[in-house]
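Heads up, the thing below is written out as structure tokens.
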Amino acid sequence: MPPAPLLELRRLVKSYGGVRALRGVDFNLHAGEVHALLGENGAGKSTLIKTVTGAHAPSSGEIVIAGESVSGLTPTTARALGIACIYQQPALFPDLTVVENIALRLEAGATLRRLDWRARKVRAMELLARIGAAIAPDAEVRSLSMPEQQLVEIACALGAGARIVIMDEPTASLTQKEQHLLFAVVRELRGSGVGVIYISHRLEEIFALADRVTVLRDGESVGTHAVGDINEAGLIKLMVGREVAQIYPASESSAGEVVLSVREVGCRASGVHAVTFDVRAGEVFGLSGLVGAGRTELARVLFGLTPADTGEILLNGERVAISSPQNAVAHGIAYVPEDRRRHGVVLDLPIAHNMTMAIHPRIFPGAWLRFGAERSLALEFIRDLAVKCAGPDAPGGSLSGGNQQKVSLARWLATKPKLLILDEPTQGVDVGAKSEIHRIVRRLAKDGLAVILISSDLPEVIGMSDRIGVMGGGSLRAILPGKSDPHVVMAAALGTAEKGAA
Amino acid sequence: KAGADKAAKELGVELLFDGPTDSNAAKQNEIVENWITLGVDVIAVAAENKEGISTALRKAQKAGIKVVTYDADSMPDARSFFVNQATPQGIGYGLMDEAARLLNSEGEFAIITASLTAANQREWQKHIEARLAEKYPKMKLVAVRPCDDLKDKAQSEATALMSANPNLKLILAICSPGVPGAAEAVKQAGKTGKVKVIGLGLPNENKRYVHEGVTDSVILWNTGDLGYLTIYAGVALAKGELKPDAKTFKAGKLGSFEIIGDNIMLGKPFIFNKGNIDQFDF
Amino acid sequence: MKKYFRELSVVAALGAVLLGLAMFAPAFFQPQPLLSLVTREAPTLVVACGMALVIIARQIDISVGSQFSVCSVCAGLLAARGWPLVLVLPASALLGASLGAINGLLVAGLRLPSIVVTLATMVTLRQGLNLFRQGEFVNMPDKFQWLGLSQSGGQWTLVGAAFALLIVLGLAMRHVAAGRFVYAVGTDAEAARLAGIRPGRVTFLVFIFIGALTGLAAIMNIVQSPQVQPLSGAGLELKVIAAVVVGGVAISGGRGNLWGAFAGLLLLACVSPALTHLHIEAYWEKAIQGAIILLAVVADGVRSRKESRG
Amino acid sequence: MSTDKPAWKARLLSHEMLLLYVLIAEWLFFYFTGTTTNRRGVIVGFGTIDRQFDILRHSCEIGLLALALTPVILTAGIDLSVGSLLGLCAILFGKFWHDAGLSIPVAAVLAIGCGAIGGAINAALITTLRLPPLIVTLGTYSLFRGLAEAITHGAVTYTDFPESFLFLGQERWLGLPTQAWLFLLVAVAVWLLVHRTTFGRSFRTIGFSPGGARYAGLPVNRRLALVYVLAGIISALAAIIYTARLGQAKADAGTGYELFAITAVVLGGTSIFGGSGSVHGTLLGVAAIAVLKNGLACLPVVMRMNAAEEMSGLLTGALLLLALTGSVLPKILSTLRPRRQPA
């Protein structure tokens, strides 16, 4: 083992306003190792690496690189110190080409330096070839798909020639072939003495790739282990702090009439094709799949944001054409979107305004605002869903993620929908709020609502759903019964194993 | 303004002077209404918009304020006297006649105006065209181009006018930045003498071009005298010395002026040329 | 081809106008008057280059017209005091740069919206100048005209300088790192920060830069005639913004280039002389300009809409 | 509730209240320095009732445009074409009445219809093609003014309107200048629309987060269209009042008014980024600018310098910068504080 670790973090603390994302984390990384970082959504993994890359300044604590304590790290100095990073949200420039994006991330130095476009292009192609990505180097990044953007990110990190390479969920949207190429790259890096921090929610990757693993929970490190010393169950226990199976409330409802029936529905613009399934009243229909599988796109089709152009949709047995969200709402469809901060709640508006946003015609007859009615409705939902807030007038942005999610949910429950589509309802939500949301979903199903639950959290889909649809590449690959084996679901999602039973 | 100041000093009255930098009827009304509430004794106005300003002036008269107009008249019932130095007709005819004299009543010419909508410019242009139709059949107005009161734009427009109309003989600028702008363009095109420039303007802005022979004449009502006379008339009116039926009016050192109807006549517009332009500095 | 659709369509429109002129008013293409017209637009081109940068960086500067006037008058006054050109030129650029720095400070430092900040500085500078000069012309010494050269020498120098600036800047935007920083900041300031660029500083410098260019342009303008009118430059901001936008620089930042801005400027600058040459009445001018602006953006909108569907 | 007290305090320090204090201070200042007794012993200057009415009268058109722009800016849009549209509608109104021989009310209704069409052109380009409002309205700014000039050849001026029409712009009714009643009516209507209906709520939502509004099932395009069409209608109304006040309709009516109106709206606390702002803030902004402008014209010093126009422009610009800086100062201070603590 080398004498001084490549990177050492001592009692690192980071707060965002009131949120303490990191509460004194210790961490170290050696040359020539792959150190996996594990933890639930919102555990603080991304925050940790952002302090290392200089994107955010830590509130307190020390960052030691190759034995030297550094302070006032900025993205530029971090890069100069040999740190490269693949961010979870691709930090690419959509208006610029692939070559330029790679160059901007790789080239440091004087602002008046001349750019050699030919050399840049050659280099970009080389890097892309190394990770086996077939991407036109002159394409604008905005025209790339999510996985392609992820590949460009990887190429950037690879090309930096860094001593420390950080990868935040690099495989989230990759196909298996690309994953294998990436693994080869990581191993090659390790072989050449580079330290790799590898973040992933997929345990099998960690066992395949990592040397050591550190688990974060609620902003604290709950232990570092050599991968050989620990098994999957042990890791999960560390991550969530209890047994997985216990968290999900049992299904109490029995399925009733078919509420929604989707027949061969497709939408060219959003890449959804030939999706067929039914959802019954009182049923939770889970939608699983890898990131980019097209689940959100399907939901957007059903909600009229990108209307379907083929197939038919039947609601309560009647054929309907859903051409716009207004239309969907009128048909009793509700959609809690996945991007909470951009689409779910309007951060600058009070909670009460957010909650009544989808029921204007009903609660405000004749378009006149009735503040009293609005307030009492908001108070009711705040009580029912146990939203922690200063009051109905507090702006949505002042709430924690989980509570924002509840506000978003309340908005749609207020419409008294027949069909509720939940897209990643617990992403970035803490454990407590998560199980509350689960309980609410169960209760709604029991009251006869048809629920479509989209989630990337495999245990969640399996634990919550009565049936599980598995998507991939924009189409529905399989419909599995509830409580299926996670491996079967994953296999269906990856499209590797034989089709599961419907 | 200089003449007005001098008259005010001689007569010992307080003078407020306000003029919008850009010619704008709405603004002028606001200024007049401002003066009414300030309770001045006399208001002297060069009307930007005949009908528009008249309402305000009638209001002033109702408030016991004496009103004289100068330069450009309002409706006759909205003021007591009009200090008439040059009617729009006088200016228009004057300019056209001067242009015809320089061209021997023959050839193409173009007009550069401040903006297509400015009231006084419209008025002058109308009279120029009337005079043209009436007296100079061999002359032709090929274009009217606005310069937004910008000298630079006038220069560009004049350049384009000359290349678009090879037979252009004269440019007539009826706004003051237009004259030096057009002159500079003519000079740069090397057409000094071939394309003549005349217009309405101030001597200082044009001296150089007049001496170089680019600009032939600059026409101006003698603002010094006009201001002087206007102030005298206003004060006399306020003191009751100037009666509505007077036939002549004596204004300080300028001597006596004829009154026709309710117009106090100052005389013809003043023409600056090589011979006299150096005597003036404003 | 697809990438440069916008630039090419502006060039095509320009070509159509020129073709029309060649057919119906060949007199337009006389070398000497054409050179004069181009010289008159040279300062505008310089300011347009700066504006393209500002808009690419996702900001806007509507105070350039006022800056232009202030620089013109101050430079004129200095010249009248006997300062030589070699001093007046940098002084004017410096004055412009410091006016730009005020905008930059307010926008980058206090994170205020640039459209409002520059609206305020535009009014303040313009009215301050009116107060100070009351519209009076400044007479410049003769040796300033045409930079002390002969007329055609001066004209070629000015046109050459403007073109040189355009080419240097246009190439720099693509081939020098700083230029790419401007694009990066305009595209996504946060991503730029993560890539090690300091968006605040880039914004600040861009405002200083347009200020300096405006100061320079003011000099390029005042040497073309012996007098400086304080009103000169009024309305320049709209002309320049329209040209840049017609040329395909996206108002939302990050897209477009100087070549497009140049084509846009030529197209709009052609309208007025073209009308004169085609003997169309002047009162159509504004309507035609407005129609050109709208056509350019509508064409782009229709195309990007088709693209996002396909 | 425990938050009651700070909220009350915050309200006293809200942008609108601060602006009100500035307005009152301005007014008092001019009242004491701009009012004099003239030789005839009559009180004249800023302090007279007539003066106040003049201020009101002169701010009606720009005030209307500012009212039109408030909902637009709330949706994070902008409309540069309102001043030009005012000019175009004034011309069309004159043309309908004078050339087509229609009665005044019919001509007025038609002119307002044309204003609506002008707004609809903006709306169509902005919503269906998703073009940035700044560019679209920059184009129509030129186009509308150009059309006004083309229709009249720049030359035709419609005048000789009947007394009964001029009454609207030049006389008083029930004690107030006639047009002030109309202005008040529009102000109340826009206030109600923005602050008391779901429309206003949607404007804000769209301004804060267009995506959020769409995902909440709000008819985003319809609301945006409404905002621009409304701006067109109000501009046309302003055109009619303008014509009545000056007794003439000409192609240059309302030149440069858009900048005043935007200034007033922003001064009134409406964020140019959309979402936050208020109609009463806009009214205060209009008043602050109008009082400043008229007050300066009453100050003897300023009058002697003949600098009312310039001074008021200068001070308006300064006031705007001050208001902007003031609005971000608390935020900046609060971001500075935590940084200092660990040091």
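Odds and ends about this structure:
Order of writing sets the labels: A, B, C and D. Residues in every chain begin at 1.
One rule holds for everything that comes next: contacts are C-beta pairs under 8 Å (C-beta built on N, C-alpha and C of every residue); 3 or more make two chains touch, one makes a residue touch a chain.
Here the structure is a predicted model, which is why all the values come from computation and not from measurement.
Here B-C and A-C are compared, and the pair linked by more C-beta contacts is B-C. Ranked by separation of Cα centres from subunit C, the top chain is A.
Subunit B and subunit C have CA centres that are 35 Å apart. Centre-to-centre spacing of subunit A and subunit C amounts to 45 Å, using the average Cα coordinate of each chain. Rounded to whole angstrom units, the spacing between the C-alpha centres of subunit A and subunit B is 74. Distance between chain centres (mean CA atoms), subunit C to subunit D: 30 Å. Multi-chain contact residues, meaning those touching two or more other chains, do not occur anywhere in subunit A. In subunit B, the residues touching two or more other chains are 21, 116, 146.
In subunit D, the positions touching at least two other chains are 149, 152-154, 306, 309-310.
Every pair of chains that touch is listed here: A-C, A-D, B-C, B-D, C-D. The touching residues of subunit D, when paired with subunit A in their complex, are 1, 3, 196-199, 201-202, 204-205, 208-209, 211-219, 275-276, 342. Touching subunit B in their complex are the following residues of subunit D: 38-40, 42-46, 48, 50-51, 54, 57-58, 149, 152-155, 157, 159-160, 166, 170, 242, 245-248, 250-253, 255, 294, 297-298, 303-304, 306, 308-310.
Within the complex, the subunit C residues that touch subunit A are 3, 174-178, 180-181, 183-184, 186-188, 190-197, 254-255, 308-309.
Against subunit B, in their complex, subunit C makes its touches with residues 25, 27-28, 30, 32-34, 36-37, 40, 130, 134-135, 137, 151, 221, 224-227, 229, 231-232, 234-235, 272-273, 276-277, 279, 281-283. Of all the residues in subunit D, the ones that touch subunit C in their complex are 78, 125, 129-132, 134-136, 138-147, 149-150, 152-154, 259, 262-263, 266, 271-273, 305-307, 309-314, 316-318, 320-321, 324-325, 328, 332.
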